[in-house]
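Structure in structure tokens, see below.
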Amino acid sequence: MEILDKLLNVALLVATLRTTAPILLVALGGSFTTKAGIFNIGLEGQMLVGAFFAVLGSIWSGSALIGVACGVVAALVFALAFAVLVVSFRANEVVVGLALNILAGGMTISLMKAIFGTRGSIVGQKIVGLPKVQIPGARDLLGSWAPLVSGYTPMVYVAFVAVPFLVLFYKRTRLGLYIRVVGEKPEAAEALGISITRVRYTASLLCGLLAGLAGAHLSLGYITMFTENMSSGRGFMAVAILIFSAGDPLKVLAGCLLFGFADAFSLRLQTFGFPSYLILAVPYLVALVALFALSYRSRPRIIRETLESMKKMLSVETKPAETGNNLPR
Amino acid sequence: ANGKVSVAAISGYFAQGFGVSIVNGLNKAKDEFGVDLKLVDTGNRALDYEEQFANLAKGGQYDLIFVMGWELVDALQKASAAYPDQRFVFIDGVLDSDKMIYANFAEEQGSFVAGALAGMIENKGSAFDKIGDGKSIGFVGGRDIPVIRNFLGGYEQGSRYAAPDVKVNSVFAGTFDDPAKGSELAQALYGQGTDIVYNVAGPTGEGVMQASAAVDKYSIGVDVDMCASAPGNVLASMLKRGDIAVYSLIKDEVEGRKVTPGTRTFDLASGGVEVKICDDIAPSIPADVTAKLDEIKKGIADGSIKVERHK
Amino acid sequence: MSDTSPAKRQETTSPAENAVELIDITKRFGAFVANERVNLRVKRGEIHAIIGENGAGKTTLMNILFGLLQPDEGRIVLNGRETIVTDPATAIDAGLGMVHQHFKLVPSLSVADNVFLGMEIRRNGLIDQAAQIEKTRELSERFGLKVEPQERVSLLSVGIEQRIEILKVLARGARTIILDEPTAVLTPQESRELFQTLRGFVADGMTVIFISHHLEEVMEVSDTVTVLRHGKHVATRPTAELTKDDLVRMMVGRNVSFDRRRRTKTAGEVVLDVKNLWARDERRLPALRDASFTVRAGEIVGIAGVAGNGQTELAEVLAGLRPASHGSAMLKGRDLTALTPAAIRDAGFAHVPGDRMVRGVDGSASISSNLLMGRQFKAPWSRNGVLDWDGVAKQAVEMIKRFDIRARGPEDTVKRLSGGNIQKVVLAREFTNDADFLLIDQPTRGVDIGAQESIHDEIMRQRAAGRAVLVISVQLDELLTLADRILVMFNGRIMGEVEGDSADSERIGMMMAGLNASAASEVAA
Amino acid sequence: MSDGLRAFYGQIIALAIALALGALIIVLIDESPINVFMTLVRGAFGDQSKIAGTLLQTTPILICGIAACIGLRGGMFNVGIEGQLFLGGFAAAWVGFALPLPAGLHMVVGMAAAVLAGAAWVAIPAYFRARYNTNEVVSTILSNYVAVLLTSYFTIFLFKRPGGWSETPPILPTAYLPELFSFSRLNWGLIIGLALAFFVAWFFRQTAKGYSISMVGSAPKFAEYGGIDVKRQGFLVLLASGAVGGLAGGVETLGIHHRFMEGFAPGFGFDGLIAALLANGSPIITIFTALFFGALRNGSLLLETDTSASREIITVIQALIILSVSAQVLMKRRGDSTAGERRWKF
């Protein structure tokens, strides 16, 4: 019981939201490309350059916001390269995505060496991080639950608020609609004079925007530093979530929360002495089990299926007085 | 090597804590003595190592080749056999061959002191700034590999020696490159009543330092001086002076004292490892703690306190 | 050339009299010429039919007109103004609208969203769905095209999908509407309704261009006919001056007969015996309900019905591609519902699927490779699991000849063939399987008249060889031509059976609309 | 211009663009592009040991590439080759150090263990893909992480060589994959890889089974209709792909490292995937793309020691080369519809 108390508490939920935010941001970015019918395995790289240039911008300008903007611009450049190669030059999107990831890794290290003369990490006072947002009155209203809504860096809010916006975007805006149509039935879009190329470019760039924000959040919000390869697989995780959510914002949120929770939870499990390697695999295993369970559930078992169909048949058949056909027994 | 000393260093870890300190030492020697310096990053694919050693050693232009990282041992041994005239300096360990130079570090000793420091501060309870009622201190490792276990072992022994009833909570991030995860791990520890966290996790550990600032608890840095990472929250740094090691070796070479095969030990006694209490914290450390630490250092140096290495 | 005189005459008239003029259009695909100096003039306010064999270049020509393809040579004049149609948007701006042979609707969107896709009504930057629904309803009422604006397209039948396609075009203010084989998927009733709608358009001063393989339709509704053959323009004439035989001759260069085939009453033993067969569709609702019938050796049984009334499910259950929820289908003593598709084939079953592009072929593979499917493990096509590609190719050449497949050779990629020729590839494979039972779903959907005849000949030959044949078709004429007995399906049920000789389309039409056999007879009588 | 010729010129131009960009970067770091490129070539093909080194680098990329090809041909996107390689490598090493057997047999059993481990590791994703249509890209990406962590756990906690680093005890010499030459570690793995490439190409082109699998890959509904058990073939294809991925691991541990080291071969799975995709799923062309990557890698090792270009710069240039080679701008006709292009389905 004491163990449970120590594991399941507000801090765990807060940690869940914190861990979820960067993956959610980058996955929501990937939602644009996924919906537009592009498989973007290059999220990892976009996030990484976003993180790097955010730190660079922050140091140069002394402003976290300008830093974020620099990160976004860098990610956009990568997104543009992705779009040019995949959409215009019809390169294989997996090859391009993976190669851009490699490029991002090599480029950030090279630039780090060239600019800072060291490899490894950029840490220190010169980096201006994003401030934490304290929501006024949260403590009075929620008491010990206040940390759940207050005290995060801005991008955490951006990530979660983006979800309803994206739902609305896909449902109610022209561009959102076009993105969906281009992904689902490009020949329909083409026949109506909607430019597939233009829509895919736009989707790629929107993806770069959010991936850049995700990167900037990682290096200026979550923590305040840059280190080689600091995206650490979050982009790949996002790709996995995107594929099984088909880019649907609410499902993306659910997937990211599940992973974030599993991650936060498993980190706490480690303090109880389980071997780290096995505990570190927990989030991936949880995601796998969820994936398998979901697909298993979508196929009802033979028996239940048969029972249900029988019921349906009975209910349909009892109504119209059709020519005398007997029900199967 | 036409009169001028020329050295190379090969490793996959130049970017991480200890590696950074090695690079610092090499650069210092380069600046001061004008030696030629070549850094070769091995990356992390085991298949590449042998070829890289061969490329480096076959020209014979390097007086010394510094090698850091246990995964290179196999390739190193082959290269040492293939190029018997080439002098290799293996950093951070001792191998069977008597043809090499070894720079051996006693990180368990430094960690012992760090553990003792953390344990004693923790024992001060709420009398001490930022310490809660619980009796636990923490450790965040990068990957769960033997060398990190050696740090952890020293830390646990030190804590047990100086503060037997303080518990050590240890966790591993599984990676050296994910500061966000380091921060998350540290926050999990702090959330469970742990007040002081020692990190041995390279860049991941930076996240630990930042987390200590975020929740206003204490952290202990490693390898290099990390006091600036979170001023007021970093108690101390356990320095593993790779820079001193390589610098002194090159200095000997430059000044005509040819470095010959054998083992050089960098331990607490020789200053190769040390615990540096941060300047902003030092004044508030109680005298009894300081005294005990001095006693421990002396004990380790004269052998009256034995610190076990991880096997 | 026969078209020079009308063309000359038209040049002297006011240019705006022609809604569309295509002048000397040439389009090449690699070395292949799909359109060669084709001329087409469509007068404002007429219904203009374009006919021609499969692969004659009809769709290509329309795609060029609509900006989906760029011509290699030639000019396009729209409403008297020379226009370079770089993309569909240009065509739409010029008042053109196209309903494609394969519908281009987005299944996950509502009817209204589909209609207004590309020209959304917006308020405050957001799509105003209420207004779109309202406008769609208005359009639907004004032009008599009944649709439910809020429904998702994925749940609708093809007939309704076509209405949506037409509404799309109308919503864009098209004055000239192009329809590529609009009736290929419609029931006779639906086709009739469509033509009524089209006449209404023309009465409003609009112009209609449509492509069709149904010459009756062409004769019935068009004002002018243009015939293409092998990518070339053959003739453009007022329909009134022509007979159906003229059209056929211009299209294929010979006479073709359309009579009912002779029927033989010498059916042999029962080959397929279906009893109380039930099956469910994708939504798990019963789609096939209690079907029972037999097919005998040397007989052709037809299944009539409006598309989507359980025929597809029946075919799939028999082929082992869909589980039966109840009942049996015995093929010479073996129950097909318990067998895998491979075992069913081995039991003597050949199948021409209704959806040929998805089920019938691998479009990206060669003709040889497509003809190999299903027999790759058998001699002489393979020995000890190793394929004899030379033999396969040789056989493919034979089949190309025998089934008159218009292709460059056995290595030609199937998706480059026209619809009719793709169908012939499927037939070639299935008819040479020596199966006792043939299931043919939509034998001539989208197939030109000349090819229809040869396909029908082939089916009759199979019957003569003692095969049991089950033909499913939405084209009643076809069944009347071929079948010894016709079963009519409605809402998953077999509503009744009529003898092929005595069948009359009125009564069958009633059953297709859901009246049972006796009721239909009464109404018809 | 024929399509083939056009494609060829396209690739040449693409390569030229990449090299030009690379040259620009090299100039920026104060090196001579000529020197750098010459060193690259010398490092890849300079003498027999360099050529052997290139082939040594090529081998795992080739085998992983073939694993990817098998999947691609059967319509399965195996992104988990990385994990299969790790499991295969570990299994082979385990047989090598824990299971004394006579020479020859030992090696064969070790390789068989690698193959089985690779197949077993992909079996669950494959089963769910076949039975419930669970997306294999997701499940194989996720299982990579688990594979790496699991083999690390085995290595460090269960089988660590006493006193050694994060590695298992060395395998017995009876399990070594024989080397081809005295001057290099190049071993039978290369022959296995080449033979496999030809076999797989022949299999898909010439056998009834291979034909069936290709059809499942390119037109699954048609294949189903034609009597092919699509689910079963899909399952087997992923299993075969995983088995070859495992084999790659076995070749690395039995042929080169002679033990399993945690985290020893990161990225080979992805390199193989890129090689296979650039080769459009053809095992024969994969031989060349893998060789290309192998040469780049081996050449770049020399570049690092002999010029001032560092590892990261080389990585950047390699990425640029892959990117430009991937662009098919000159291979397709322009101006016509883009809608019909094959897209990834989710």
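Each chain carries a letter (A, B, C and D) given by its place in the written order, and its residues are counted from 1.
Throughout what follows, a contact is a pair of C-beta atoms (placed from the backbone, for glycine too) under 8 Å apart; a residue touches a chain by one contact, two chains touch by 3 or more.
All of these numbers come straight from a predicted model, not from anything done at the bench.
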> Counting only C-beta pairs in contact, which pair of chains has the most of them?
Replying inline: A-D
> Where the centres are mean C-alpha positions, what is the separation of subunit B from subunit D, in Å?
Replying inline: 36
> What whole-number Å value describes the gap between the mean CA coordinates of subunit C and subunit D?
Replying inline: 46
>> As a quick test, compute the distance in whole Å between the mean CA positions of subunit B and subunit C.
In response: 76
> Could you say which residues in subunit A touch two or more other chains, in rising order?
Replying inline: 109, 187, 189-190, 275, 277, 280
> Which residues does subunit D have that touch at least 2 chains other than itself?
Replying inline: 149, 152, 156, 310-312, 337
> What are the residue numbers in subunit B that touch two or more other chains?
Replying inline: 41, 144, 174
> What chain pairs are in touch here?
Replying inline: A-B, A-C, A-D, B-D, C-D
>> Can you tell me which positions in subunit D touch subunit C when the two form their complex?
In response: 206-209, 211-212, 215, 218-219, 221-229, 335-337
>> Can you tell me which positions in subunit A touch subunit B when the two form their complex?
In response: 6, 9, 11, 15, 18-19, 22, 109, 118-121, 123-125, 218, 222-225, 227-230, 232, 263-264, 267-268, 270-271, 275-277, 280
>> Could you list, by residue number, the parts of subunit B that touch subunit D in their complex?
In response: 8, 38-41, 43-48, 50-52, 54-56, 70-71, 73-74, 143-146, 174, 311
> Given the complex with subunit A, which residues does subunit D contribute to the contact?
Replying inline: 29, 124, 128, 132-135, 137-139, 141-143, 145-146, 149-150, 152-153, 156-157, 270, 273-274, 277-278, 310-316, 318-320, 322-323, 326-329, 331-332, 337-341, 343-344, 346
> What residues on subunit B touch subunit A, complex-wise?
Replying inline: 14-16, 19-20, 23, 41, 141, 144, 169, 171-172, 174-175, 177-181, 183-185, 187-189, 191-192, 202-203, 206-207, 210, 228-229
